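Next, two complexes with subunit A in common: one pairs it with subunit B, the other with subunit C.
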Partner chain A sequence: MDAIVVDRLSCRYQAAGRQILKDISFKVAPGEIVALIGLSGCGKSTLCLCLGGIIPHYLGGELTGQVLVNGKDTREYRVAQLALEVGLVFQDPDTQLFAPTVEDEIAFAPENLCLPAEEVGTRVNKVLDTLGISDLRKTNPNHLSGGQKHLVAMGAVLALEPSILALDEVMAQLDPAGKKTINKILVDLRRQGKTILMVEHDPETVSIADRVLVLEEGRLIKDGRAVTVLGEWESMLRC
Partner chain B sequence: MTGLDPRTKIVIIICLSTLAVFLNEPWPLLLLFVFTLVVLLLMRINFFRMAMRFKKLLPLLLLMLIIQSVFTAGGEVMFSFQGVHILTTNGIHSSLCILFRLLTFFSSAMIIMTSNSKDYVLALVQLKIPYEIAFMVLVALRFLPVFIEEIRDTLVAMQLRGIDLQRIPWRHKIKFYTHLFAPLLSSVMLKAHQLAITMEARAFRIYRRRTYLRLLQYRVADYVVMGFFVIATIAVLTRGFLY
Partner chain C sequence: MAYIELENVSFCYPGQSRPVLREINLSILNKGVTAITGANGSGKTTLSKLLTGILLPTKGRIKLNGQLLTSLTLTQIGRQIGYVFQNPDKQLFCETVEEEIAFGVRNLGLPPDQAAQKVREVMDYFELTRHAQAYPLSLSAGEKRRLALAAVFALEPGLLLLDEPTTGLDPYRKKLLGDYLDKMLAAGRGVVLISHDQKFINRYATRLMGLQDGQFIEE
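Coming up: the complex of A and B.
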């Protein structure tokens, strides 16, 4: 079974508004890293919101076509239920971190699942080890650097143990060292069997992707191997 | 006293505030304020930082003192202007009561800062408050400094466009602050929206209840301190200190 199936997806935020996504179809196999690139405003973030069920459940909007995550139709499940399948990480870490310590931030999601305290503790330790941030356990997230904040936001989602990760421009505000760290972690996560959809507008940050999808004005214009698609897209931008 | 359970701290704040509300004489209120400062000292609260915070409230306190003094009738007239009694002994009595009462409120509220916000969530949940409401408190505590920073940034942005806040007259200043309100409200709404999405995307409210990595536990010191404050409050309120 494919991890993500997007079938003829079209979406707009208001009935009379502009169509953000136009008849998009693609599939992502389990364990694949797929990069979604395109210029600002082309619908990349909207697609992420559709994967997590935020559209249509939370933001409303008009959605046609189908989005399946691990075989579950996003229209038929609540956002909180879909969170067990798809971990969404957004661009701005400041609006995603609200707990007083990194440990509390990461424990928040498994606590919601009513897991016993020991299991919550185990998950927190595992995530901290995976991301290499065990030393930040008792630190206030407000006092972290941008890269560290992104890692904590990612960790907070990983604690739910979703099999799919959708990262919405998490590397946009990072320096090259920060991007390198996150890319290394993503490769490790793939080794653990996670499926990753990374949304970026900078082609250089998606070198680890197996496949690249290019969105332009809401349409999927390219879908292919990273080396081929990135080369074509860059020459297209130069024109 | 720094290691007390947050629930004990909530009880201390309730006791101090209750006494501040019911005491009606300057001397007992001054004593209560001094006692509150001693409690803060035992909780190792930074007095300098506290004083800095109070400094910002000084104009408000002064305004309240003047209003109380002018509008409280009776007593011996100490100063009058064209037949209007500006300063009376009753006015001074009343404004001193207000001053010490407010100082006690503000100081006792500082006790909140001695535990982290997650501890208060746990305290509220263990006091049987629904966890959704407890998390609203956590989010409010977390985002309060962000909003203050937002106000500061908007003010700086406006000043960079040539508005000198120190020089413009008060009536224009008020108009200026109304302009500040619109971007602030929009930013607050946006942040609240993003945060709500983040919480939902982390399975918040997937079930009616949730578990916690750690829970709070009362120690002997908590029972002793709570007992002392509750008994002392009841004793003070019932032994004729109410004038």
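Coming up: the complex of A and C.
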């Protein structure tokens, strides 16, 4: 079964508003890393919100076509159920962080799944350790720097151990060490057969992807091997 | 004379034992691009808030054009240092994109037609014209970033202080930003650039400062 199926997806934020995504179709197989690129405003974050069911469940708007994650139609499942399939790290981590400490933030979702306390503790430790943020354990997420917040948001998602990850420009605010950590995590996750969709701009970051999708004004204009597509896109941008 | 002068500046967040910045001495001129790098959490954003008077040093003092920062209002500081936040959400507050840019321009004391012209120019340059009537907080992250930059650039302050300005920008919009910085430099203004974007720094920085363990190492 494909991890992600997007079939003739179109959407807008208000019923009368501008069409943001226009008739998009693609599939992602388990174990693939797919990068999603395109000029800002072309609809990358909107597509991530569709994968997690945030659109249409929370933000409303109008969605036509179909989005399936691990075979589940996002329209028919609640956002909390979809979160077990797709871990979504938002572009703005502030929209995602709310607990009083980093540790609580990461424990929140596994606790909500009613996992045994011991298992929750193990997951929290593992995630803090993998991300190299154990020393931030007791810190209030509001007091963190921008890059640290992205790592915590990433941790909260990893603790749920979803089989699909959708990462919306998480690398942008990370220092070189943070980028390397995330890169390593992504490669490890791929080895475990997990599926990753990452939105990024930096060709270097994108280069670990197996495949690259290019959005332009809400349309999917390219879908191909990373090396080929990145080369074409860069020359298209003349920079 | 230095545009900004830090003398023995230390800063510690209330209730914390470890200071973020320790005894910093630094002069910043209003020419060239001073790039500030440092690991996540090293204190770059904290420093930018000190430079703009949003936070006050725990020790030491900061002067802006020879005047103590503590003797100036945030508005007076804002006229001399154009600060673009790391998170643009925190600085957008108007009902429309156009109004967001016009808000500050109105206080420049320009004749109305010149003010309107200026708003149109930056809006055009940052490719925001098609969103002129949109609500700023419903823009995409990259559009918000461009709006925050446009609103500050329109005021033509002597020094720009940009906290990770390339986040959320695609390569083409990064180049637009860079070209604008070049124009500012040519017009005799300075830029302080806080960033992890190595490529962007390599291309534009004229001075490179690294923040580590609360202190600067010039590179």
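In this text, the second predicted complex is superposed on the first by the 221 of 239 C-alpha atoms of A that agree within 3 Å, B and C clash if a C-alpha of one lies under 4 Å from a C-alpha of the other, contacts with A are read in each partner's own complex, and residues count from 1 in each chain.
Quick note on the criterion: a residue touches a chain if its C-beta (ideal position, glycine included) is under 8 Å from a C-beta of that chain, and two chains touch if they have at least 3 such contacts.
On a predicted model such as this, the values are computed, not experimentally measured, just so you know.
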Who does A:G147 touch here: subunit B (first), subunit C (second), both, or neither? second
After lining up the shared chain so the two structures overlap, which partner does A:A15 touch, if you call subunit B first and subunit C second: first, second, both or neither? neither
Which of subunit B and subunit C A:N112 touches, first, second, both or neither: first
Just subunit B (first), just subunit C (second), both, or neither: which does A:I54 touch? first
Does subunit B (first) or subunit C (second) touch A:M1, or do both, or does neither? neither
Is A:L39 touching anything from subunit B or subunit C once the two structures are fitted on A? First, second, both or neither. second
For A:V124, decide between first (touching subunit B), second (touching subunit C), both and neither. first
Taking the superposition on A as described, I'd like to know which of subunit B and subunit C A:D92 touches: first, second, both or neither. both
Share the list of subunit A residues that count as touching for subunit B in one structure and for subunit C in the other. 92, 94
In the complex, the residues of subunit A that touch subunit C are 13, 37-41, 45-46, 91-92, 94, 143-148, 151, 169, 172-178, 201-202, 234, 237-239
Footprint of subunit B on subunit A - complex, ascending: 52, 54, 58-59, 78-81, 83-84, 87-88, 90, 92, 94-96, 98-101, 103-104, 107-109, 111-117, 120-121, 124, 156-157, 160
Residues of subunit C touching subunit A in the complex: 13, 38-42, 44-45, 86-87, 89, 138-143, 145-146, 164, 166-175, 196, 198-199
Could you list, by residue number, the parts of subunit B that touch subunit A in their complex? 116-118, 138-139, 142-143, 146, 191, 194-207, 209-215
